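You will see chain A twice below: alongside chain B first, and alongside chain C after that.
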Partner chain A sequence: MIELQLLLGGLQNGALYALTAAGFALIFGATKVFHVAHGATFTLAGYVFIGAWNAGWHPALGVLAAMAAAVAFGIAMERLVYRPIGRHEGGFFTVFVAAFGVSIVVQNVIAMIAGRGFANVDSPLATATEVMPDLFLAPVFWISIVAAVAMFLALTIFLSRHPAGVALRALAQNADLLRAYGLSSGKLSVLAFALGSVLAAPAAILTAMTSGINEAIGNHVMLISMAATIVGGVGSLRGAALAGLLLGVAESVVLVFLDTQWAEGASFMVLFAFILFRPSGMFGAAVAR
Partner chain B sequence: MSIALTCQGLARSFGGVQAVKGVSLSLPAGQVTALVGPNGAGKTTVFNLITGNLRADAGQASLHGKPIMGLKPWQVARAGVARSFQDLRLFQHMTVRDNVLAATEPSGWFWQPGGAASRAARLARAEAAMEAAGIAGVADARAVDLAYAERKFLSMARILAAEANVWLLDEPASGLDLSSRTRFQDLLKAARAQGVAICLIEHNLDVVMALADRIAFLDRGEVLAEGEPQAIMRDPKLAAIYFGDRK
Partner chain C sequence: MNSTRRLLLGSALAAPFARPSFAQSGDPYVIGTLFPMSGTNAEYGTVFTSGAQLAIQHIEADRMLRRPIRLQAEDTQALPQQAVVGMQKLVNVDHAAWTLVGFTAVSKAVAPIGDRAKTVMVNGGAVGPDLSGLSPYFWNVIPLAHLETRALLPFLTRERRVKRVALVYVDDPLGDAILSELRNELPRNGAELVGSFSIPRTAQQFGPVAARVRQARPDAVYIASFGAQQSQIIKGLRDNGVSTLLCSYSAMGLDSVRSLPEAEGLVFTAQKMDFSGGDELTKRFATDFQARFNRAPTIYNANYYNATRMFGLLAQGIEQAGGTVNGETMRAALLQRRRFDLVGGTGEFDDKGDMMAAIEVLEYRGGRAQRLAG
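Moving on, here comes the complex of A and B:
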């Protein structure tokens, strides 16, 4: 039964990774910005929710505040960091260093305000009950799965049906052409950052309700998001989401065979396996077309 | 005959090379103006200057009397100037329908005035454009899977759907067989009849002679001659330049 317990735990983690990775993949796919500060979005949203919870706000307000913080941070990064760098034709490395720097600042500011170490919210939704002999599940498990599926479906419908979604997919493929047809790639980039960032908020909130978060959790989240984007296939949202799920399950299931310190290593074993045997990822186009 | 788009004294240099030297053009509504000249004459650069893809060193351009010089490409497009590209840029991994739909929503944003009715109208516009361009049968295919001629007509369908009143077409008929070329010419004639001002860069002189109301002959960044197609094409000096027999 321990295997099933670990598998379900992995699914819960994986659902949250899937959301975060889909957000990163959406931003990267549409804008080609390697948004290393996506992990900081996650951290910020989590701490805003914890702050709202501790201040006695209604949980729904806390969720809204966390989502608003995530969106505001994502948009601020696009407008104040990436766009000026793009205007001066800064390359990948400039973007990477700038975003990494902002992540470190966010990490330290959070540590200064909230203190270092793990923080969480003590919610009854995270209290596990025995649903079968030796199998414990908390309501937050179902919330994670439903939240991930619902948000991913909403995103998919938006991208396939809404004109702004169609335009975002077009931006991902040819920004010059998009401009020739009267769409502002700048406004669409803001939309991509807003949507991609908001996906990190529920994942951060649910993580704060279960395992808890610390000021450096963004680094782990960022590594997982990058790994999921590569494993899923660069440019594929469903690939990133499925890969996030796979990595979450891998991190958990590996504990059947190995010690807990190997959990994160499992994600990277999956990543290396894909790089070696299927570098285009699950749904990515072959590099040489 | 109203003038839809005018440009005056357009100039642009790249390093020491002056690619466009004081080009002035007028595009009347309901007429096809062909921009003709040898390779490297500056024809595409003129398009890039008008559409804001390149910044002009000097010169002005206006659309229905309103200045457009200095606007960003998407602002020029939104003002009513649609263009096609020589290298057939398409959203390769999107369906034909989505490629066309992308052109119907220049203000695509969260809030859609008109809601479902507006969406239905945009879809109808896209369907009509695909029908007119003869690609309605492949609406669900990805652009990357289309045959070359179909891609050309997809490019035209997107221009049709944009409902712009000035079209700048960069070698739109190159590589088309005779029957496709005829379809293409019919498409342009219909747009001209509806009052669209069309500027055409085209190396196929049969297409130029079949469509153009006026020709502007460019060489080394300058307009050498402008006028009736027959008169321009009969000029032996221009013919020598065009066919590379310059003395």
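Moving on, here comes the complex of A and C:
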């Protein structure tokens, strides 16, 4: 039964990793911006939800506020940080340092406003009950799975059916050609940041309910997102989502065989295995040399 | 007339810089802090610093020293690498006379630097047993973990009938020290360690660990971690079906743990300290702390108040004797004097620089720490 327990726990975490990683992959795939501040988006959304919860807002309003904060932050990063750097031919390293700096600022501002240390939402949805002998599940398990599936379905439909979604995919493939057809890559970049950022909000809210968050959690989120993007195949949305799920399951199921110390290490063992044996990732295209 | 006018003009210009004869003068003494001010353990940095700040306020209000004190903070993030960089700066650039440290791994990393520079390092937060005697210049104003576990285990086995203990411990010197203590001490108390679960310092998810803990079927789970992680462990265990007794050490004396609903019933050890009763110094500390920081003090606040007050007391004695305030003279003064009036009562130091302190067993009930024993 321990195997099933660990598998289900891994699926819950993996669903949240998948959401965050897909957001990062969507932004990177469409705009080629290495958005290190995606972890800060996650942190911000989590703290906005906790603030709304503590203020006695209806949870639905809290969710909306968290999503709005995530989208606003993502768009602000695109307009106020990445675009000005891009105008001055800023390279990868400039973008990376700028985004990393913003992450540190966000971390410190949150600490100043909300206090340093652990913060969480005290919800009965996170409390597990014994559904079978030695198998504990909390309502938040089902919420995580349903939220992840719903978000991915909505995103897939948008990207495949809506003209803006199709244009976003075109931006990912050939930005110059897109501009030649008279479409605005700037507006589509904003859209990519908005969509990618909103995916982090449900994951942040559910993490605030389950394990709780702190102002520095963004670093951990970014590590997982980057690992999932590489494992899934750079630029592949479904790859990042599946890889996020795989990493969540791996770091839980590994405890069947190994000591608890290896839980996080399992994610990176998977990453190394892909780098060594399939560098293009699950769905990435192999590049001829 | 001209000379009078010059005198008046000169006096007027000099007025803002004139000091009364009793005021402090000269370069300030630098007290360096090596605390986590960012990252997952930043809550401790704020707590530790506030104790030191109040002590400096009192030292200056009482005009204990001839020179002012400057508090110089270096952010360690509770990581040894950052701490070493911070300590090098404090010793070589700021010429700190006194440093305040916390966290076992950080303390062990900076001790050789302080030892070489003969800079006093005072720990009021870390409890790794090997911090005792780390250096002649490394002193502890907090009882170390082996003393805490030895106070807790008899209570658990006799009062709570605990026979099987599982340990969730962070993979660092503190966690390893507690593992070693439980392995040795549990059998002596008629109990056994039925499982030990090591976790990395960066771990955030504890659902899978909870599943493994449940499998061990313990009567109690000892948590040896710190910072945001310890709250995550408590929540992770409770939310995932671990309903057995949770216990730990003094790191649980944080507001974030106290206010956590899942921490209800948590049993932990801490230094025995009565802020409401006791001597005038303790009352003054508690009253002024509440007034300045708008919250009740904790043991950590008191420890770093004491760690900073120790500097005031030792430097005062050296100044009055006409000596130079430095690590060597302060160590000599410590060994000569041994006993100091500190918050919580008289503190007495042994040859290694460890302060003796009584330990009590506490339990969180209704968001308050209630004394069970000690």
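Miscellaneous remarks
Heads up, the rule we're going with is that the second predicted complex is superposed on the first by the 285 of 289 C-alpha atoms of A that agree within 3 Å, B and C clash if a C-alpha of one lies under 4 Å from a C-alpha of the other, contacts with A are read in each partner's own complex, and residues count from 1 in each chain.
Here is the rule we go by: a residue touches a chain if its C-beta (ideal position, glycine included) is under 8 Å from a C-beta of that chain, and two chains touch if they have at least 3 such contacts.
Source: prediction; values computed, not measured.
Once chain A of one complex is fitted onto chain A of the other, the partner contacts of A:N174 are limited to chain B, with no touch recorded for chain C.
In the superposition on chain A, no contact is made by A:M112 with either chain B or chain C.
Of the two partner chains placed by superposition, only chain C is touched by A:D259; chain B is not.
Contact with chain B, but none with chain C, is seen for A:V166 once the two complexes are overlaid on the shared chain.
In the superposition on chain A, A:A55 makes contact with neither chain B nor chain C. With both structures placed on the common chain, the touch criterion links A:E130 to chain C but leaves chain B unconnected. With both complexes placed on chain A, chain A has more residues touched by C than by the other of chain B and chain C.
When both complexes are overlaid on chain A, the residue A:A216 reaches chain C alone and has no touch with chain B. Contacts of A:L183 after superposition: chain B is touched, whereas chain C is not reached. Across the superposed pair, chain B and chain C touch chain A at no common residue.
For chain A in complex with chain B, the residues that touch the partner chain are 163-164, 166-167, 169-170, 173-174, 176-185, 187-188, 191, 285.
Touching chain A in their complex are the following residues of chain C: 38-40, 42-43, 45-46, 168, 171, 197-200, 202-209, 211-212, 214-215, 227-228, 231-232, 235-236, 238-241, 254, 256-257, 260-261. Against chain C, the residues of chain A that register as touching in their complex are 2, 5-6, 9-10, 12-13, 104, 107-108, 111, 115-120, 122, 126-130, 134, 136, 138, 210-212, 214-217, 220, 251-252, 255, 259-261, 263-265. On the side of chain B, the complex with chain A involves touching residues 51, 53, 72-75, 77-78, 82-83, 85, 89-94, 98-99, 101-106, 108-110, 112, 119, 122, 158, 162.
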